[in-house]
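What follows is a short report on a single structure.
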Amino acid sequence: MNLYEYQAKEIFAKYDIPTPRGKVVDGRSDLQKAFEIIGKDKFGMVKSQVLTGGRGKAGGIKAVDTLDQGLDAMQGLIGMKIKGFPVERVLVEERLKIKNEYFISITLDPEESLPVLLISPKGGMDIEEVAGEYPEAIGEYVIKLQADLPSFAMIELVKNLGFQRQLWGDLINITSKLYRAFCEKEATLIEINPLIETVDGKLIAADGRLNVDDNALFRQPDVSEYKQEFKDMVLKGKGVDYVDLDSGEVGVLCVGAGMTMLTMDLVAHLGSKARCFLDMSHGVNPAGFKAALDLLASEPDIKYVLVNMFGGLTRMDEIAKSILEAIDKFDGKFTKPMVLRLQGTNADKGQEIMREAGYQVCSELEDLLDRFKEMLREEK
Amino acid sequence: MNLYEYQAKEIFAKYDIPTPRGKVVDGRSDLQKAFEIIGKDKFGMVKSQVLTGGRGKAGGIKAVDTLDQGLDAMQGLIGMKIKGFPVERVLVEERLKIKNEYFISITLDPEESLPVLLISPKGGMDIEEVAGEYPEAIGEYVIKLQADLPSFAMIELVKNLGFQRQLWGDLINITSKLYRAFCEKEATLIEINPLIETVDGKLIAADGRLNVDDNALFRQPDVSEYKQEFKDMVLKGKGVDYVDLDSGEVGVLCVGAGMTMLTMDLVAHLGSKARCFLDMSHGVNPAGFKAALDLLASEPDIKYVLVNMFGGLTRMDEIAKSILEAIDKFDGKFTKPMVLRLQGTNADKGQEIMREAGYQVCSELEDLLDRFKEMLREEK
Amino acid sequence: MSILVDKDTRVAVQGITGRQGSFHTRLMLEEGTNIVAGVVPGKGGQIFEGIPVYDTILEARLKQDINASIGFIPPPFAAQSILDAIDAGLEVVVSITDGIPIHDMLKVKDELKDKRTYLIGPNTPGLITPRQAKLGIMPSKAFKPGCIGVISRSGSLSYEVCDELSKANLGQSTVVGVGGDSIPGTTFADLIPLFEADSETKGIAIVGEIGGVAEEKAAKIIKEFCSKPVVALMGGESAPPGKAMGHAGAIVTRGKGTFKSKVEAFRDAGVRVVHKPKDLVQALNSLLSAHR
Amino acid sequence: MSILVDKDTRVAVQGITGRQGSFHTRLMLEEGTNIVAGVVPGKGGQIFEGIPVYDTILEARLKQDINASIGFIPPPFAAQSILDAIDAGLEVVVSITDGIPIHDMLKVKDELKDKRTYLIGPNTPGLITPRQAKLGIMPSKAFKPGCIGVISRSGSLSYEVCDELSKANLGQSTVVGVGGDSIPGTTFADLIPLFEADSETKGIAIVGEIGGVAEEKAAKIIKEFCSKPVVALMGGESAPPGKAMGHAGAIVTRGKGTFKSKVEAFRDAGVRVVHKPKDLVQALNSLLSAHR
């Protein structure tokens, strides 16, 4: 689960990581409170809260001087869409007097199966750009499951990156708090970018990211509190992994990520393109299929539905029954053309069930692709 | 600090390591209680409590059948000396029906700086003898500072030593409790020998040893409770390391173990022999020297006193003053011939102080040895 | 021959009396798997399908010469059950569980260092040596004894591939699903040398996908040590970079693990890369006849 | 040249304001030691003999380029102060403390693995490169700059030996007391290669004693890597086996570490073994003239 900036900063605050004064706001009265918290002199930054990068370039951050300007900015931002994500609230914060911008991130290195710390004196920009242009400006340290970060390694790191000595203590301190939060909150990513050095020599986390392992949410009560805010969790709650691919015309329904990816590739090879995919791995039940079909029905871009299933753990007769039950609920209103393949455990029974209900079903992948080609030709 | 068998077993019991039923006893009424605890049928073993091995061969363990026999055994043992150690109390225990005797020990491997587990199906005898005769009968496992012993390694160990499968569980269980006690009590040695397998298949620690790091006693309250029972701790309490060497004629007084050992070697090279040594490393004060001289005065075997000191941290003027103050307390009754060498920090001052008081002092080691040779010649 | 498991493998099933555990234990027995113990805390002493049940895997190991386990354990308890099996010294430990917290797996991986245990999974259909031992949940019908060693990150796709191999009468020596999690126990690279050393395995099929660096590492090992023909079926060519692919393992991190880098690594190692299960079979067939 | 410490070593004194710490800080300064920081929890901000005092060794390291420390710390807190100094990345850490619990030292040794820190001690008089740097409590008078590298488990005996070396105008390059505890940080074997590599050191004197296996290990390293003449003064010939020798390090364990085994190991490595400090000087003198 990816947290919003303001949520990440709430967690940061629990670990005494310095953050700017401010408040998350979704209306006029809240803004007034934010203004009071920040004070007239330092007012203010109005930052749209969206789970995507690059909101600055997209106009999602406004600097304001007065409460009125703040109100204008808030009203302009809320409701706006940034990279397809609607802005529902803004974070209003003090304006910092910036001397330098740095970068600290802890994430997982799947190759080492260990956490890895990245730190850079070049913050405030896309870290992949930094990695490309100034690879030597990123310090990397693989953390060998220690309880604490070893100070000597941290000193080496910040020293070699050219950080000034007077910043070492605060940098190492903040890094070690981040690491503690990373471990305790079971994060997959925790990041400060930029970590701002103010003109009076203080370090403040001006932006924050915190992605928490979905599988650990059951034992992360303070992160789970944020859970209801995410609408894309609805499908996941029904066991369906949904990924929106922005453009395309085919809705792909499979079981298993590998099968899904391969099917998308094959669709592409036939000159078409998937608009989204739904991995039903854990949603093989009427509710899961209903949610999946609802989504496919509601998205006008999706012209075709391609179902490609090879079941091991999932039994094809159950899948067939679930699909039919879900379609029934549309009362004949689910009309998008669909090609189907059911193979694997109890495939014969599943195919029979679908055929009895009037659907054509393939058993071989090649047949499915032929049928799909045919459908593309018919519709065009 | 080395614990008596009964004390070790009291600690074992805290860790649920099975021990025979019984009671430590130093008089008739206690014996009666022990008899009641054990019961008539299993009565009894009477075992002298001394801090030395080989008490069985020395007649320090008696098997008895009745309370009267027990009383006789107790009275015969208490007051007896085993390898110079007086028996002050006996441990009265149930008689076990023995099928097999095993050995488990955890100690420190100074080469690896890690604890090491030794386990053997040949228990009940001196483990060094076993190591000599049946080296393959001792399993060794270096414990890499884990919180718990890894089961798989323990299984390998007991399997390869030929222990029967039905014992594996209990053996591993007892071993892991021993290791926990070893760590928590900060032991330098914890040992069960023999660990008895009874005819009905139970494992019981028939004897127990537990040596606890003296330096850790300050934070080991339940072990420290046993502390007052050791008389040889008196000198140590005054900062003097005392070692009795059983036979010889010279009392050696030095600062530092290295200097002490070398001095003993040099005494031996001159055809004499040290009776004991006193390492004054932490007892450089009048009380320490008084205790040391008391001991030298009281031991008739000691004919000569040899003082050889080269001070770094210890200042020779302080040493000289302390020695004189200690001698003064004897009111002229400390008459054993003494040769002295003071060298190192403030040696000049120290030598002057001794000379003013009428003592001859050397500064060079060779001079000291010459003077000692002379003294030997004079006295003989 | 085969790798990791065969008819002599002595298997304990962790969670044998659960819904999943009991269902698949019966299917595994049907495949011929030598299941000798079950483990369910609190149910020690029971008998399930003639198999004695113990409270802990350690107790099972102390009482019987088991050397492998498969666990059907809910995510919150799965890592501990894996650690228990590693602690008991089992040689092969299979974890079916999908959804083990990543930080739990970091500890498991740390514990696996310098251990002899091959952890298969988690989030895997398991592994199978057809008609000898199935420690998994794959549909037996798709598998057939034969000469191709198969390793796959994707469950469903491996069934498809094995089904094709079976139909083509190549069959499989052993099929290992390494699982879809970002932190798997055993990886492709660990398995290649085993297949290389296995006399029954004539060729190797890899079912890979984007994300992670498992394919790149496997390619390196293949280049260095592998004399047998290898074909890889790769998915994810059309997946947009940076999108979460459902599998945590399919997350593209820091520019590594792209479709392109994997395909290049494979090609550099002499591995034929294909896009359809049928093509994989064809490629293996032609390589095997050339190899003979 | 010298090993481990010289006039450029930047030293922090842990416990600088204590009775021992303050007394010896003055003596160390007299020797020329470049003491740049003190560490006393709760006394950060004070100045002692012109030296700034910090609350923690880490703070000292962050503020100043220290690379070595010496600690005068009571036993219950000594291990933590060593761990702090290791954590701060210091290259040389000296612990004078006698009486550190052994189980504390197990943790320290574990922490030292794969670290660059040389821990000297505990229970040592420290180390000295005469007239350049003294991180210890040895009497300066006994030491003189020169060409012999000295390593010793015994404090008092090393003073004696160095005094003789000084009088004979051989002097010392660096003198390291490895300490008398059964679990020392740096051992003889760690130091031999440093002296071998040091151009100023022409010969090596070892002051050994019974117990442990430090001498045996040193002999092995000498045989393999050391081209310089080595002489060992060995104590404990007349010590009865199995008696505790005051030093925990002198406990004879499991038949290893006897006088005989040490002397044999040394002789096998071409090390001359002597019994008196004067003989050591003589032996070194004759070996050095033969070596020239």
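Going by the order they are written in, the chains are A, B, C and D; count residues from 1 in each one.
Methods note: a residue touches a chain if its C-beta (ideal position, glycine included) is under 8 Å from a C-beta of that chain, and two chains touch if they have at least 3 such contacts.
Quick caveat: nothing in here was measured; it's all calculated off a predicted structure.
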item	value
Each chain counted as touching subunit B and subunit C at once	none
Selected interface, A-C versus A-D, where C-beta contact pairs are more numerous	A-C
Separation of mean Cα positions, subunit D and subunit A [Å, integer]	56
Separation of mean Cα positions, subunit B and subunit A [Å, integer]	66
Inter-chain centre distance, subunit C versus subunit D - centres from mean C-alpha coordinates, in Å	54
Interchain centroid distance [CA atoms averaged], subunit A/subunit C, Å	29
Touching two or more other chains - residue numbers and ranges from subunit A	none
Contact graph of the chains (line, ring, star, complete, other)	ring
Interchain contacts (touch definition) - all pairs	A-C, A-D, B-C, B-D
Subunit D - residues contacting subunit B, complex	75-76, 98-107, 109-110, 125, 137-139, 141-142, 152-160, 163, 180, 182-183, 207, 209-210, 212-213, 217, 233, 235-240, 243-247, 249-250, 253-256, 275-278
Residues of subunit D touching subunit A in the complex	58-59, 61-63, 86-89, 115
Subunit B residues within the subunit D interface of the complex	107-108, 110-111, 113-115, 128, 131, 145, 183, 186, 188, 213, 215-216, 218-219, 241, 243, 245-246, 254-262, 264-269, 273-274, 277, 279, 281-282, 309-313, 343-345, 365-366
Subunit A to subunit D touching residues, read off their complex	150-153, 155-156, 165, 168-169, 172
